[in-house]
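Common to both upcoming complexes is subunit A, partnered first by subunit B, then by subunit C.
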Partner chain A sequence: MTYAKVKISANLLLESGLHIGGSSAYAAIGAVDSPVIKDPVTHLPIIPGSSLKGKIRALLSKTDYNHNTSSDLGNDSDEISRLFGNSKNADYKLGRLVFRDAFLTNKEDLDAKGVHSYTEVKFENTIDRITAEANPRQIERAIRTSEFGFEVIYEITDKSIDQVSEDVAILRDGIRLLEMDYLGGSGSRGYGKVAFKDLKAETVYGDYDAAAISALLGEEV
Partner chain B sequence: MTCKLYQLQFNSAHFGGGSLEFSEMTFSADRLFSALVLEAKKSNRLDEWMELAQSDTFAMTDAFPYHSVPFLPKPIGFPSYEKFDQTKDAVTLRQEAKKTKKLDFMKYELLAKFLEGDVIDSDKHSEQFIVTKNRPHVDGALYQVGVSVPKEESVSLYVIASQSELFDELMTSLQFSGLGGKRTSGYGRFDLRILDLPSKLEARLTSNYKGLVMTLTTSLPLDDELENAMIGAKYLLQKSSGFAFSQALAENFRKQDLYKFKSGSTFQQTFTGQIVDVRPDDFPHPVWNYAKPLFYRLED
Partner chain C sequence: MKHSYRQFQMDVVALAPIHIGSGEKYTSREFIYENKNYYFPDMGKFYQEMIRLGLAEKYERFLIEPKNKKKRLNDFLYQNGIQMRNFGGYVLEETGFEKTESTRGTLNDISKFIRDGLGQPYVPGSSLKGAIRTILMNTKWKNKDFVDRKGRKPKEYKSAIPWGQKKGQALNDIFHDIRVSDSQPLENDNLTIVQKWDYSLTPKKDKVTPIPLYRESLKPFTRLQFTITTTSDKAYELISELATYASQFYQEYKSFFLNEKSKEEYIQDNIQYPIYLGGGSGVWTKTVMRQANGIVQKRYVKMKTKMVGKGVVKLTKAPQFNEDKRLIKNQDSLYEMGKSYFTIKEIE
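Up next is the complex of A and B:
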């Protein structure tokens, strides 16, 4: 009987400004056209777990792990479904991964660097091809060099114990793909380049040696 | 069995009250119980857990706020009319009545004073807000999730439950699975601390007392107890329903609707309560809804 939970954590470093849009009503009304999502208590930018989960799944669904060309998540392969969940498959109604919201961890470092605010407002514009008229806009971004605490809980049961290395390899590939891609909005114009530093695993519940998982996570793809 | 106070420190959580858009501040015992059933099933201890939960000595309460001291729900139907100071003018009386109506929880030390007619200001424990989410490149895939965030870091939730090794173990492992809605995308993770109950609070917990009591669990008497329990009772009903989570069937079916007495309901005597099976028709396994009360004695 095996039942264990392994926490996979990393420091998520922003290598370029990040824009994950929030519901505009709550964040800084009137200041910026499109604000970023923030923690309502501390007013610091956060990365919602749903953004990480959705993006990693979407990236993995384009790889060899998946053979689903439709837009219906219910048709995803077993490998993807068992990690992220599939409401149409009785076995995988709840996935094995539990993502967490990532909170800003290096507020003090940023303060020491003398930043005024943890978000910046980037001014951009569009230029009409015919009239050459400019149409300016403002976009808020979480600033570069911010670090967030990334955390995923991976659940190991009797059913999944033979698939641990495969599962972790898929997740690792997803994370590496995310580093090659972008997180959040407007990624094709340079936003949202992220790096995962100190990717490691530790067992937080039950008996399981997480050293193999840690080693697997450290491997380059 | 001794009762302990299980303090749950959440960062953010979604405790839906019938919809995805709104989140409640706390949760009722059935939510925690069901989460523990699923947790026990994963570690192959379901029978052991059900046996413990169905035993007479086991009790568990709903979650209430904890902010340096435990808070308790407002006793429904109290203070009685004659406790109000009738010498005050009508406007003040109306204002105070509104204030009392909006009060949900109070510090346990203040409960006795409240019954004597004191007006207590309600504290704000958590912030409820709505986040909009989306599935890109899919039409009409916009949805909103209600989230509860504690107002301050020092605010947490707690439940009172009978301590046992199995219960502690399940709660420990539940920390990492989370509790509430949208767990796999970041909500509902908590840190657990097990504390001793304040002795004044512990002395008033009862499951067998003839006299004025307040239920701390959203609960339902056994069918043959119901008529007696309702004599002189002041209560609110709370609907408990939704989809049954099951890995036995590919389709999703709705549970049978169950109406229970909300925590804070007051009764003239205690009742036993039950764990109700609310499985949909022709369902392959039982679906349990926890409705066993733990009472708080209101009389001295």
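Up next is the complex of A and C:
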């Protein structure tokens, strides 16, 4: 019986400020009205696994890997469902991928660069194109050049062993798509440009040679 | 893998000072003027040094006491014989146009340029995108009615161009399909301090007036690089034709405002395709001008500064930063605030 867990990891580098919204339940007047989500212990910005998983799935669902044109995720193709899960499909109730929250990894480097804070506050405004009145807002962003530890656990079983290279290729394409798209909010105006550096795979449980997966991940599209 | 993402490289070059504000200002207590330079210390570091020198309390008193109201950071340093300048921060060279000879360096507030988390100035994608949107709304969609007259006062009808999700309908949001990146990070060397000058041309008056408003701005010739990604065919088409729309917009702006309100010598020639970026470029570069005309003016009726006709031309003074290339046609060093040009090409 084959049962293995392969850890696929990378350095997720922010090439522009990133805004993944947190709760704005309490915002003082004049203070940031849309804060980013942070680790409650360290107060450092994080990238929740749900944001990564959701965005990558949404991007992949627009490609040829999927044929689902309805709004119901339950109709997603087998290729997508088996990786991300499908609550309506008995075979793929649980997906093969586990996305981890990504934490800030280069705090020291940022400190050395002399940053004051790991998030910046960007002032923006809406100009009414008829009255020319400005309506300002403040948005918090995790700063450019921050790095986060991206980590996905991929599960290999007897059932999936023949599909490994296909699965990894899909995930890799999802990652490439994400680099062309944006992560988090307000991406159409520059936020959330990300790059994945040093994508690699290693077997963390069971007996499986992850070298082929690593090679596949490093391959340019 | 198939996708419909197509990318453009858009380069914007400043033809005049460009100011993108961060929403904050330096007060007269936050910079030091000396040796023809403006030094903007890192005020956190400055305060720490004051603590180290045992001057923290004195500094606090300096800030609070009413009799010091007119005093600047220079005065505090002088009074206490502080020679050191290792407070971090950065230096901008004066241009010589800030004030008259005798009042040099006595600026009050200076609007800050936007900076990223590493402290480097940059131009956000949101600023460029807003400018692109204004161009498109004045050309491509100029026949649409953008005025919402339902409320007490007319305002922009924001749904004239569909955006956002509508329940039960496919997403139709053309400006979500146009993604404008932030510019590359810039250096402090790209910045200079410029003052606002208003030019008013009325039957009775023909003069340029300095306004006590100073802005950290990009120097002319600064090149900004942006990537625009389009994710639908319609968006791709719009961006492919952006250059044509920009030229149309400029023609419209010129006949609507510049020709009427400005002296020929204050209008700068275009290079490539014109675009106005950032603060201080005037309302007509920010609105759907023909539809806003009349409504904008009403806002100022009750204020001290009434807007006469279409208002004044917004200019600024800056030196010639390049000996070989003259960007202006007047002898008074007056530039059109925010004026720039762009080139755009698709990248494979």
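Simple rule for what comes next: the second predicted complex is superposed on the first by the 215 of 221 C-alpha atoms of A that agree within 3 Å, B and C clash if a C-alpha of one lies under 4 Å from a C-alpha of the other, contacts with A are read in each partner's own complex, and residues count from 1 in each chain.
We adopt the following convention: a residue touches a chain if its C-beta (ideal position, glycine included) is under 8 Å from a C-beta of that chain, and two chains touch if they have at least 3 such contacts.
What you see is a predicted model; the values in this text were computed from it and never measured.
Room for both subunit B and subunit C is found when the two structures are superposed via subunit A, with no clash between them. Legend: residue contacts after superposition of the two complexes on their common chain; A:194 is shown touching neither subunit B nor subunit C. Look at A:62: by the touch rule set out above, it reaches subunit C but stays clear of subunit B. With both structures placed on the common chain, the touch criterion links A:36 to neither subunit B nor subunit C.
When the two structures are aligned on the shared chain, A:178 is found in touch with neither subunit B nor subunit C. Using the contact criterion defined above for the overlaid structures, shared-chain residue A:143 touches subunit C, although it does not reach subunit B. In the superposed model, subunit B and subunit C sit 130 degrees apart as seen from the Cα centre of subunit A, a figure rounded to the nearest 10. Of the two partner chains, neither subunit B nor subunit C is touched by A:104. Contact with subunit B, but none with subunit C, is seen for A:157 once the two complexes are overlaid on the shared chain. Superposition on chain A places subunit B within reach of subunit C only down to 5 Å, the least C-alpha distance between them. Overlap of the subunit B and subunit C contact sets on subunit A: empty, with no shared residue. Chain contact summary for the complex, subunit C toward subunit A: residues 1-3, 5, 7, 21-24, 44, 88, 114, 116-119, 124-126, 129-130, 134, 137, 146-148, 153-157, 175-182, 185, 229, 231, 283, 286-288, 291-292, 295-296, 299.
Listing the residues of subunit B that touch subunit A in their complex gives 11-12, 42-44, 127, 129-133, 135, 137-138, 144, 149-152, 172-173, 175-178, 182-187, 189, 245-250, 252. Residues of subunit A touching subunit B in their complex: 1, 3, 5, 7, 22-23, 26, 37, 39-41, 48-50, 53-54, 71, 84-85, 87-91, 93-95, 97-101, 103, 153, 155, 157-158, 204-206. Contact residues on subunit A toward subunit C in their complex (touch as defined above): 16-17, 62-65, 113-120, 122-124, 127-133, 136, 138, 141, 143-146, 173, 176-177, 180-182, 186-191, 193, 221.
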